[in-house]
Each structure stands twice: as structure tokens, then as C-alpha cells.
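Working notes, structure below.
Note that the chains are named A, B, C, D, E and F in the order they appear, and that numbering of residues resets to 1 at the start of each chain.
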């Protein structure tokens, strides 16, 4: 037997059978300027390297050069789907550091805002996921239609649809009047109808089931080891929700469940979000029923020249994508000495390769979609 | 149509020769197979031409042509599978590399 | 009853309902036919800042105190105080530029302004053909009358007016008091000038 | 008759239903045990109903009825291959027996195989086995018969080797397959010859053109001075010898015990071994063609003596066996010898009747032994049993009935059929009759021995200690689905014998008064009684006390017993002769090569070398070498060229092909 | 062709015969080259509007009244776009592919009858011709994807070829059912066989148990062969950014769109011909009026099929490539084979009700068996707990 | 129709020549497809419509695609063949053999009286139905044999091609 020639003969044989393609940064399904270096064996993903940094804005460094309040509008730009939650996390950290007490009405308003942004984030996340599956825009547009109502509400309250810049240390910027409350109640009342319709369109759809089930399984152990949080972790069976763990704001007084999945595949991540939306609706109903009267801003907080005693603090909230935390160090001056963010999108992205390898390239796309990243938060 | 049968036969002969030339001159096993396909087709063309000129009324020749096409398809499937297997072994599809039967 | 393909068929039913419904129920359609229709922006809506003047563009409320320039997070405001020939500050801007390609519409300038002079606009049609200079809003572009402000944000403008009025009255009262006090003082002591 | 023809058109259903069941079962998952068994039983039951309908339809006619249905399978050119199904008494009775006995064996198997993990596979094979046998029975075409025959062989291979993880089972199934294959060569040659001589493979046709209806044309000279018919018959009988385990191809049958016991029952009673006897019965016209009672054909003689010898030979071996199933296996061999012998004596009816009765009681005995094996937790050694009458009363009673039937005690079925066999043999050959009578004596003896060893005395299973894990358990009665079949079969083992006369009439034998009836019957009863008495004397008076006790017979017979126990050393003989001969031959040739040929060659070489040295010295070195070297170079060069031709490159061969075509064309022009 | 010839011959009795012949030859071709691309243009508009309505949008409504001139505007825009050819592309193949992709799409219409006797070529092997020509598009797709020298394009091309070749099999098998029932391969005869009955409707093959199954199979196969949603894997804009036509722009891209739509419409046309009675419907028959009504029927059915395509596109997500293949080989192919047997039952069982019962039962049983066998593809119900 | 013959023949010969001479393998396959289509057109011309369609269905639809896949599996995707392999000894010998063969065959064909045979007439064209009937009536054994052969070839091809994957 002749041994296979060590050098490739001049007959023009190939050197490798693996196909290396670069999905992104300009790709319709990478949710922004994100890039995946994928090594394919036919259609099967053999290796995947996420490449980030195309949207890096030097956010943390900028914040260290800026007044405490000045960073607030920048937090809007982290996860631009959830500016309210981002505001809250930052406000929470600063309040912790400065020891500010927030009035109760403000706490209720914060819950309303956070849960509404969770609703619209999850709605568009599953819309995007199904768009990635190839459902020609219909689910996404249904989701956006619903999201639009919530954004209208945000605009009415805070003045901007996405970059709300609504929270202030020790409260919120604008009080809700009765009209606004009525608007919120209407949104909350209508939202389950949308969910029902959406589920009818997609949840039992055989194609969705076939595409999503048993795809991109994230084992519970890996989820914990990878510090994964949010719906991605809960879909894998990790019972971890900061609203329950920290009971920040008035979450301690509210009745709601946190759905937890078992398998941890794309379908679970999809359906956990649907269930979370239903729980959010419950929370909103309680909050809108019980919201007390009173001031919305702790009086002692100055806008200009606001200084915080030296020390460090970590404030975190359960954002729609997971645990969003701000770690702040103060030297007692008008600006933070150290300002660090724990972004859920970025950390959830670390297990992408583990989930994708061995699946088809089409699966890699929906797995990425099921993590629900926002590049503003990944790159900062 | 007043093309005599000879034209078809000569056409088939030319195609056969082209196929043979391809099978003889090229190094690449896949092209050798393609040459053989060409030869196959020219043979079937002969069959059909004879049918048209001599036994137009009965469909038997067409039957045989269909059988021949089916067998040719099977042949090409197996042939290409062999090429792929050989490729795995030699990392080449150059027929000059495959000389294990060398005397 | 559960049959294979049920989900697919139900999905088809949903889309069919939306398809037909879109012809009969206008509220299903979320699209706005933009140039013809425009959305009524809510009171709180904000786009880019503008400067309010009360009577004439020559007298803006802005005193060019530069607080907003300092506090602006992206540093998109550039102010030069107007000075008279002698170099004396005139308490009004000579140049007030806002680069709206940098401005992130955060409203912090409005909040920190002690003179209620910078406000957020509702105008979202700021597209320009150019890339650089066109997007820098100069002082003339920025100055808008208080009437305009009242028009776009009636509630807030009313509050501001009331506040300003109260302040003005307070100031006037204070001034009056001061004048009265000065008069009283003058009455009590001979004018300094007369002493020299 | 119209009714019969209609039924004949439906005969194919009898094998087709189990076949369909097998096909469905092959698709079932392993877990579908109940479904599989139910399907199998249902198919067999329906098939049985069809067979019984056909059977009853053939009853009550004045003469032999025969309805056939032939159809063209396919045409190839001018030759058309036909297949056909037949309905005649032979087929009807056989089919009814196979389906009925088979059904009860299947019922028993549901109990026996209850815990086996490959339950569904087993039942799939069983169904297929039954289908093949039934196909064989109903076919009116020797080709179809042969196909089913081979299918039976295949199924036996699969079933004997069902527990293929046991080396002995794997060896046994191979042995069975190969041994029967040897016979099949003869069978196949016979078929070819039949086709060659008659041009048809159909046995009967309505027009009278079937092979068996034209036996008269086959009386021309064949091989070895026999007539063609006899030649074919002999060839066919070689096939039957393999299948029906006649000496010397009997060796596979006892080893076939390695399969599960229901399989043994099926092989030994209803299906496989019966196939050979049935085939001889089916082709009987060929065997008797050209002969008469006084001057029988060679084929008939061969059948007679092979059968008689097998009957005696196997019976002697059965005496000295300890495995409960092995005793029964040799008994089957022996009984098959009886049947074949009867056929050879010209007694189609006794042979077939014995086949029928034997099927019932042998199935009974095998299933009974299966019950015993299950009841004693998979113990097969009779020395380790004993006293089971107490533990397994139902099995005991049924087994007793089977034993009495086999031993030929009146009025059980075996008595009548065996009596007829002996009677018909008595007419033909006193030698064969004597051998058979002695075999009958031995039969009674070894069955009695078995009964006493298994059922009498006390339980010896505990003797070899609880260490083995299963020895310590007390035996127990088997569940209903195991004892019910043997109970049903035992009814038939009692009563079937009384229908012997009717059966003879049914098969169309004319009433004839045979001489020596009283003598034969008396003697057969006597030897049967003697055998039982001897058995009681040796084993019944003082049952074995311990499993390790020597066999009483062993002490009496000594070396002969060992010889019998080792089956007359037939396997060893084969080992020593056929296999050894080949090896010895090889060694011999090697020695010859080494010593003789090499020696001669070496001496020649020495001589030549001497001469050449001389020549060289003489000085031819210069003259001859020059020319010779050049010649060598030429040869080498041409060889090198030729090897270049053999380049291993496909295209070079291609090129040469093209060149060849060109040369042909040139030749075409030049001619 | 013959009908047109007769018509022309009678109408223009005094012109030379050969002109009539040439005209009779050219008219159907002109018809095909004129009408179907026009329908294609209309379809793009209808598709966009329908998708818009499904998604609660207006869809294009700016160019012309209700946006009817949108296709024109699109065409103009796309014509004016720069034609970019990648530097490393295989220029000739890259150029040839969009041309070739339109050809099979148009060729299929040759055998699709639009009115009694109105078929461009009444081939004796019409159905086979339509299906065989359909396969050729695979080659064009492969050329496009391969010549672009883009890995996404190549993946799309490989997917396209595999998909077209795989779905060819069940589609042809589904067509075989009709061929068996009609006893002919001629499309015109097949349509004629579906005439009669109640209102010219009750004899459509889709109103037979096997016909319904065949119809569903054929529609699915047609969607897959023309790479329409949910089988649009070769383009798969969310994965492959457009697949084989990623590297095409300008008019070549327009040709791709056109080829794709024409192929989809051709499959729809063949479906209508085979299962939905072609031009048969109340009022259709020979003669001018009957022919016009027949034509109306044909085109409304075609429109219906196109709407079905659009509807499906607006609703279902895309399958994955292995599921796509599995679906073809594990579900469609067995079902198609079973359906062929069902036609056999239908043909040989004489009392019609018995045939109905047996055929339906047979199909239902196999459908259930196949569902059971393939149940693993659609997985379990999930349980979620709350903490 | 004469013109059709010449045009189609030219296309077929062109396709065949390109298929065996082009350097890029994929181009070769595309040329081969051209050749196949030419042959199919010839069948149509010879009134063997069914055969022509089968030719397209099997050769263009299946075999060509198969070859394309084989190229994809064994070559780099660009399909570029190795260095120039033309005009060597091998080429000359092969071409000479083929040319000689062609010339001799032509001579042989022309020397036969059959070469001048003209078509008998266009009547009695055998329909597809007749082919079908013949297929399942007279030649059913051959049909079955072909079926078995195809199945065996299919399995064989899969086994050969999958061997490596099984191992790994």
C-alpha cells in the first residue's frame, strides 16, 4: 500500500474541508455590529469565535470623567431596549453609596417602568428570535406593534421613547398623573391579548418546535459556572432572579412567580420569556392598583455639585437580559473614581460557542437570537 | 426529415471519440468519469437512432434506452462514490496517483 | 383535538385574521402616513434644546452663565458671553452653538438651567443635507419665542411663566424693598456723593 | 369438487397468514411481547381453521380427491415458471396437524420464553418457521417446495442458534444447517433432473401433465443402471435423509437441542424432520415407479434399510443419554427411522400415519420436558431431577401418556401406528422388521428409564449444592399456558390411534388383509412390555439416590454404555475420518514433496552442476555465456516492457482497449 | 396551438397559410413572454401589499393609485443600479446564471393550458416535461452561487441543489398519482378529465381523497422547489444573507427575482392543472365566451395559489436544512408512495362509496403511522415551574 | 429540420469537447450539461419525447448534480484543476487513439448500406402508454432486475462514500 502523500499533489486537491466564514459584523441576524468567526463542516458548526468591540464607546472611562448625574443619560445607551432598568441600576448603586432614601411612590413608579420595559424587551426579543428562524417579519411586527404602545407611554412620561433618562437619584424625574396611569392600565390590560395571539401564531407551530427544541442546550452547571443570568439562566433551571434575591424596590411586597425551565434549549428560552411577560403583567396590575400618593423625589438630592461620601457600592437589578450591576467607587468628589458595569448581554454571550458547536449554522443564528444580546451593552 | 441514419451514427461516433479522448487524456478521475458518461450517451443515441429509422412502431428500443440510462445513473453514482473513497485514501483524484495495481 | 400541523393551521388563522382585519379596523394599522399625518407629540416629548426669549430675540433669557456647557454630558454646547466694547459682560450669549450631531437629547441642560432659558423642543424634522456645519445649531437657529414654548408645551410653559412671574414679582418686591430701604437709608444719611 | 377447487385456490392462505404475522412481528419493537405473541397465536389459529376447513372438505369422499391451483409466476422468454398449490388428503391432514400442533407449541412457548429479552424475535422466527413448513405442505410445485424447504432450514438455523451467545448453540445451528445442506445438494440435483426430464416442476395438474402424473415416462435408463425415476428418487431421498435426520446425516438432530425447547418440539414433531418424510410421501410415485412389492426399486430398498438402521441405531444411543431432551431427540431419530422404513416397505399410509401420531405425542413429550426444565429452573440433566411427580402432577400425567404412546402400549396412539409400520415392514423384509422390533423394545426401555429417573424417587436437584444459585430451589408446577398445551396434546396421544383404519381409507389405500398380523402385534406388545419391565427392574425398584450415583445400566454394560453414551462415536468418527483424512493427506503430500521430490531434484541438480562445472572448465564459458547473456537480457527487457504495460493506471488499460478496438476495426477493413 | 391555428385560419381565410402557421406558433410564445412576466410584476406588488396587511401595515401605496406602479418603479430603480461583479467571480458563469434561471420558469408554461385547447404545446408528456424542466433551475442556482466566490453564496447554492433534487422526488410521485388516475401525461387531457360533474367542479382531482393528499404534497413540493417560504433556505436572509444571489445586483438580481417568482408561479400553475381542474369551472367550455370564462377561471385559481404562497410566507418560519431533507424523505416520499397505492385502490374498487371508504381509510392509517413514526421530530410538551 | 439537426449536433459536440478539455472542473460539468441537453434535444428530434424528458430528468437533474457534489467533496470549491495537463505525451497518445477510432468508425459506418437509410415515416409513433405497458408486461423481469440493481448501486454508493464517516 502506498502511503498517502504527505504533500498535496499538484493535481489540485484541497487543503481542508472546513469552511471558515465570518458571520457579521454586517449581517442581518447578529443583532448589531457583532461578528462570529464560524468554522463550518458542511453546515455544521465546528468552532465559533465571537468577536466584539465594534460598538465600543468607552462608556466606563467617560463616566469617570463626568458628574454623577452626567452618566445617567449614558446608561440609557447601554441596553437601549431597557433604558429604564439601566437607569434604575445606576440610581440604585448611587443611592446605596450616598444613603439616599427613595419615596414610596417613586419606588412604585420605578417598578412600573422596569416591568413595562421588560415587557417590551421580551416581546421584541422573541419577535427577533422568530425573525431569525425565518418567519418573514410577521411575529416581529406584531411584537413591535405592542412595543410601540409601551414606547408611547415612555414618551408621554419621560419625553423620549427609548433614551428615557427618567430616573434620578432618590426618585424619578416626572410624576405620573392620572392620564398617564390610565394609559399604563390600558397597556397592561391589552397586553395579554397580544400574548395569546402571539402564542397561537408561534408557540405551538410545528416548525418553531422543530427548529427550537433540543437546540443550543445550555446545561444548568455551565450556566452557573458561566455566571449566566436572566431568562437564559432561568431557562436552564437556575433559580435566580434578583427581584426575589434582593427584593429591591417594592418587589418584596409584590406577588409574582419566576418561571424556571428544565432543558435550557432555545425553545425554553423563548417560552420562559413569554411566561415572564405574563408574570410582569401580574406585577403591573398589582402596582397600578396599589400605587400610593406622595412625592416622587427625595428632596435632599442636588442636581449640580452632587457629592457622595467616599466608599464603594454595587447596585444591581434584574434587567430584562439578566443581572445588570453597577460597581461604583467614590472618593467623595463630584465624580466617580471607578465606575464598572456588569453587563448581562456580554456575560451571557460567553457561552455562545458551547451552545453552538455541533449544531447547524442556522441553529447558531437562532441560538444567538435566543440569548438576546444588545451590542450597546456588550461593547459599552 | 431527410437526414440519413449515417449522420446520426457518425455523430455518435464523434461523440464517442470525444468521450474516449477525455477519458484518456485527463488526469482527473471525475473528468474521466465524465468522458465515460459522454461515451455512454453516444451509445444510447445510436440505439435511439436505429429505433427511429428501423423499428419506429415498437417501443422496445426506448425501453432499452431507459434501462441503459438507469444503469448509467447507477454507474455514475457508484463511480463517484469510488472517486470520493479514493480521494479520502490518496487525498487526490489524479488517476496517475492511483497505481496500486502496478505490475 | 390535537392533530399534526395544528400549530401551523392556527398560525395561518391568526395571520388571516390580521389580514382581513386590517381592511376593516383602522386601529389595527400602526403605520402613520407620515408627510400627510403627523403624530401629536405629548407634552413631555423632547428632541433638541432651544433658547427662549421673552420679548425680542435680542433679549434671551440666557445669561451665558455656562452652567449647561459644563454640565452637558457629551459637551455639545459652546457658549461665548457677549461683552460690550469695554469688555464688560452683557449677561447674554454672543455665541450659543449646539452640535445636534453630538447632543443626546438628555435634557440635563434644561434641568440645570437656573434661568429657565433653555428648553427642549418638539421638532423632530431636523434633517439636513450636510454633514458637519449644517448640524450645528447657531444662536439664531436656537432662539425661539416664549409664545412658541407656550404653544408646544402649554402646561410646562404655564408653570414656568408662573414661576418666572413669581420670581420677577419677588425680585420686584425685593427691589422695591431695597429701593425703599435705600430711600430710607438715603433719607437717614446724606448721599455719599455729597460728602465728597 | 368445485368446492374443493375453490378451497385449493385458498390454500396459499395457510402459509401466508403466519408469514404476514412474521413480517409484522419483524417490525415490532422488543417491548411488544404481548402483541407479538398474540399476533403469532392468532395467525396460527386462523391458519389452523383454514387447514381444518380444507381437511374436513376432503373427508367423506369415496375416492382420493385432489384439487390443484397452478398459476404462472413469470415468463422468461419461452419458459414460463409456474407455481401451484394443492389440496389432497396428504396435504390436508399434514396441514391440519402442523397448524394444530404448532398452535399448541406456540401457546407453550409463550410460557417457556416468557422472560427472554428477544421474545418478539423468537415469535417472529417461529411464525416464519411455521409458514415455511406450511408452504412446503401446500405446494404443488417442487420448486416452491424446495424454496420452503430451504426456508425451513434457514429458520431452523435461526432458531437452534437463537441463544447464539452460547458457543454450543452457535455450533449446533451451524451443524444443523451444514448437514442438511449436504442432503439438499442431492435434493436439488433431483429437482434439476426432474425438470430436465419432464420439463415441468408442477407435481399435479388438472390436465394430467404434472410431473408425478407422468412418472410412466421416466422409466428410461438413468444413472448406475437405475431408471430415471429411481435416480431422481434416490437423489430426493438424500435430501430427505438430511432433513429427516437419517443415518448418516442424523448428527445434527441431537445437537439441535441447543435451541429453546418449543423449537425442539416444533422441529421434532411438526415441522422440520417431518418435512423429509412428507416429501418422500409426496414424491412417492417416483419411488415406487417401475417396481413392485416383489421387486422393489433400489430407491425403496435404500429407504427401507436406511430407515431400519436409523431406528435401531438411534434407539441404542437413546438408552444411554442423561440429558432429558437428548433422550427424546434420539428417540425422534429412531421414530423417523420407523416412518422412513415404513415408506421404504411401500407403506405410504403407515409411514404418514406414524408421522401424524408421532407428531402429537412427541410434541407432547418435548413440551413436557420443557415444562420439566422450566419447573426445575433450567435443569436438563436427568440425574439431577427425580421425584417430580410430587411437584408437577399435571406434567407428570401428560408425560406419562406421551411415554406410553411412544413405548407402544395399547391403546395409545403410538401402539397402532407403530404396529402398522411393523406390519408393513414384516411383509417386505424380515431383517428390517427384526431390527425395528428390537428398536421398539429399546424405545419402551429408555422411555421407562426416563420416566423413573425424572419423576420417581426423590428430588436430587439440591445435590450439587446451592452454590450454583439455582440448584437449591424446589421444582414447581408450570403456569397454565404451559401445561394446557400438553394436556390437549395428550388427549390426541390417547385417542388418535383409533383412526388408523379411517386414515388408510382416507389416503386411498385399499383394504387388504396382511399376513402375520397377530404375530407382529403380539410381538410388539411383548417387547414393549418387556422394555417397560426392564426399565422398572433397573430404575424403578431402586431409584437413584444422588445425582452423582452411577447409572445402573452403566455398571451392567460397562464399556458398551460409554460407547452408547458417546453416540457410537459417530461424531468422533467423522472427525477421525473425513476431517482427519484431509489433513493427513495434506501432511502426506508435504512429506512426499520434501523427501521424495526434493531428493530427486537435488540429485539432478548435483549432477547438472557437476556437468556444468565440467563444461565450464572445458571452456564454454566464453562462447556460450556471451550469447546466453544477451538472450537473458532480451527476456528481461521484454519482461520489463510487459511490466510497464501493467502500470496500474486505469487510463493505460483504457488506452489499450482503444487500441484493441482500432485493431479490430482495421481487421474488419482488411478482411 | 392547433386551436389558435384553427381560429386564425377561419378568421383570416385569405392570407397565405404559412403566415397563419407562423402566427399560430408565435402567439402562444408571445403570450407566455408577455402575460407571465406581467403577472410576475403584479405578484411582487400583491405580495408586498398582502404581507403588509398581514403584518398590519399598508404596504406600498405611494407610486400610482394604490401603488400599482410600484413594480414599474422597482424595475426602473433596479435597472439604474450599478451592476457589481465581484473581482474574483467566475465572470462568464456569473453572467449566465441569472439568464438561465428564467428559462426553466418560462418553459414550464409551455404545457400549462389556460383555456380549452389553449396550450402552447400539447406535449404527450406534458407533466413530465414540466417536472423535468423544473429540475434545471437547480443548475442555474448552483452556477450563481458557485460563480460568486462567496461562501454564503456557495452554501446557498449547495442547499438549493440538494433541496431541489430531494423535493423533486416526492413532487413527481405526487404527480404520478394524477397521471395514474388520468391515464395520460398530457396536461390538456388531464384538465379535460377533470371537467364535467357538478358545475365542472366536482370532478377536480383535489376533491378525491388521494387528490387532496397529492395536492398537499404537490403544494409543499412546489414551495420547496421554487425555494419559497418556509423552504427558502437557499436564500435564508437571516442566515446566508440571500444565499446564491448575495453577490448580484442591478438587473441580474431582478432576473433572479423574476426567475424565482416565475418558478413559483409555474409550480402553482402545474398544481392548478393537475389538481384544481385547470381552467375547468362553471361556465368554461369551448367557444369564445367559454374560453374567456375558462381563462378567467384558470387565472383566478392561479391567483389563489399565489395568495396561498404569500399567506404561508407571511406566517411560517423557515425549516432547518436537515429537517428539510428529513421531511422530504421521511414524510413526503412515503406519503406519496402510499398515495399512489391509494390511486390504485380508487381505480379498481368499483362501487364509488367503497372506493371512497377504502382509499380514505388507507390514507388516514398511513398518515397516522407516519405521524407516529416521525413524532420524535416534534418534541415533548414542556413543564415549567415557578419559584 | 435539417438545420435543427446540425445546430443540435454542433451544440452536443461543443458541449462534449468543452466537457473534456476545460480546465475548471465546474465549467466541465456545465459543458457536460450542455452536452446532455443536446442529446435530449436529439431525442426530441427523433420523436422519442419520453426519452428526452427522462434524459433531462436523470442526467441534468441527477447525474450532473451528483458530479457537482463529487467535485465539491474532492476539490476546492473554485473547481480549478491543477497545472496544465494538455499537450503532453499522454494527451497526444490519447487524442491520436480517439481520432483514429473516430476516423475508422466513420469509415465503417459509411461502408454500410444502412448509413443511407432514411426514416420510414412518421406514422405509428409509439406512445408513452405503450412504453409503460411494455415495461410492466413483457419486460417486467428486466425492470425488476434494474430496480434491484439501482437499489444495490444506491446502497453501494452510500456505503462506499460513508465508510470514512463510520470509522471516525
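Rule of thumb we're sticking to: a residue touches a chain if its C-beta (ideal position, glycine included) is under 8 Å from a C-beta of that chain, and two chains touch if they have at least 3 such contacts.
Just so it is clear, the model here is predicted, and its values are computed rather than measured.
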Message = According to the touch definition, list the chains common to the neighbour sets of chain D and chain E.
response = F
Remark   = Per mean C-alpha coordinates, the chain lying farthest from chain C is D
Ask   = Count the touching C-beta pairs: is B-F or A-E ahead?
value = B-F
Task = Specify the chain with the shortest distance from its C-alpha centroid to the centroid of every protein C-alpha atom present.
result = E
Key: Gap in Å, rounded to a whole number, between the CA centres of chain F and chain A   = 59
Request  = List the centre-to-centre spacing of chain C and chain F in whole Å, with centres computed as mean CA coordinates.
outcome  = 79
Request  = Indicate the whole-number Å distance between the mean C-alpha point of chain A and the mean C-alpha point of chain D.
outcome  = 78
Key: Whole-Å gap separating chain B and chain C, where each centre is the average of the chain's CA atoms   = 83
Key: Two or more partner chains touched - positions in chain E   = 54-57, 314-316, 378
Key: Residues of chain F engaged with two or more neighbouring chains   = 50, 54, 62, 69, 73-75, 81-82, 90, 93-94, 97-98, 101, 105
Residue numbers of chain A (touch at least two other chains) = 9, 11-13, 138, 142, 145, 201-202, 205-209
Inquiry  = Which residues of chain C touch chain A once you look at their complex with the stated criterion?
reply    = 4-8, 10-11, 13-15, 18, 30, 41-46, 67, 71, 73, 104-108, 111-112, 120
Ask   = Where on chain C does chain E make contact in their complex?
value = 4, 8, 11-12, 14-16, 18-19, 22-23, 28-31, 33
Query = Residues of chain F touching chain B in their complex?
reply = 1-2, 5, 9, 12-13, 16-17, 19-21, 25, 28-29, 32, 35-36, 39, 42-43, 45-48, 50-51, 54-55, 58-59, 62-63, 66-67, 69-71, 73-75, 81-82, 85-86, 90-91, 93-95, 97-99, 101-102, 105-106, 109-110, 112, 114-121, 124-126, 130-131, 134-135, 139, 142, 146, 149-150, 153-154, 156-158, 160-161, 163-164
Footprint of chain F on chain E - complex, ascending = 90, 93, 123-125, 128-129, 131-133, 135-136, 138-139, 142-143, 146, 149, 154, 158, 161, 165, 168, 183-185
Query = In their shared complex, at which residues does chain A touch chain E?
reply = 19-21, 27-29, 40, 43, 130-138, 141-142, 145, 201-202, 205-211, 213-214, 239, 241, 244, 257-263, 267-268, 271-272, 275, 360-363, 365
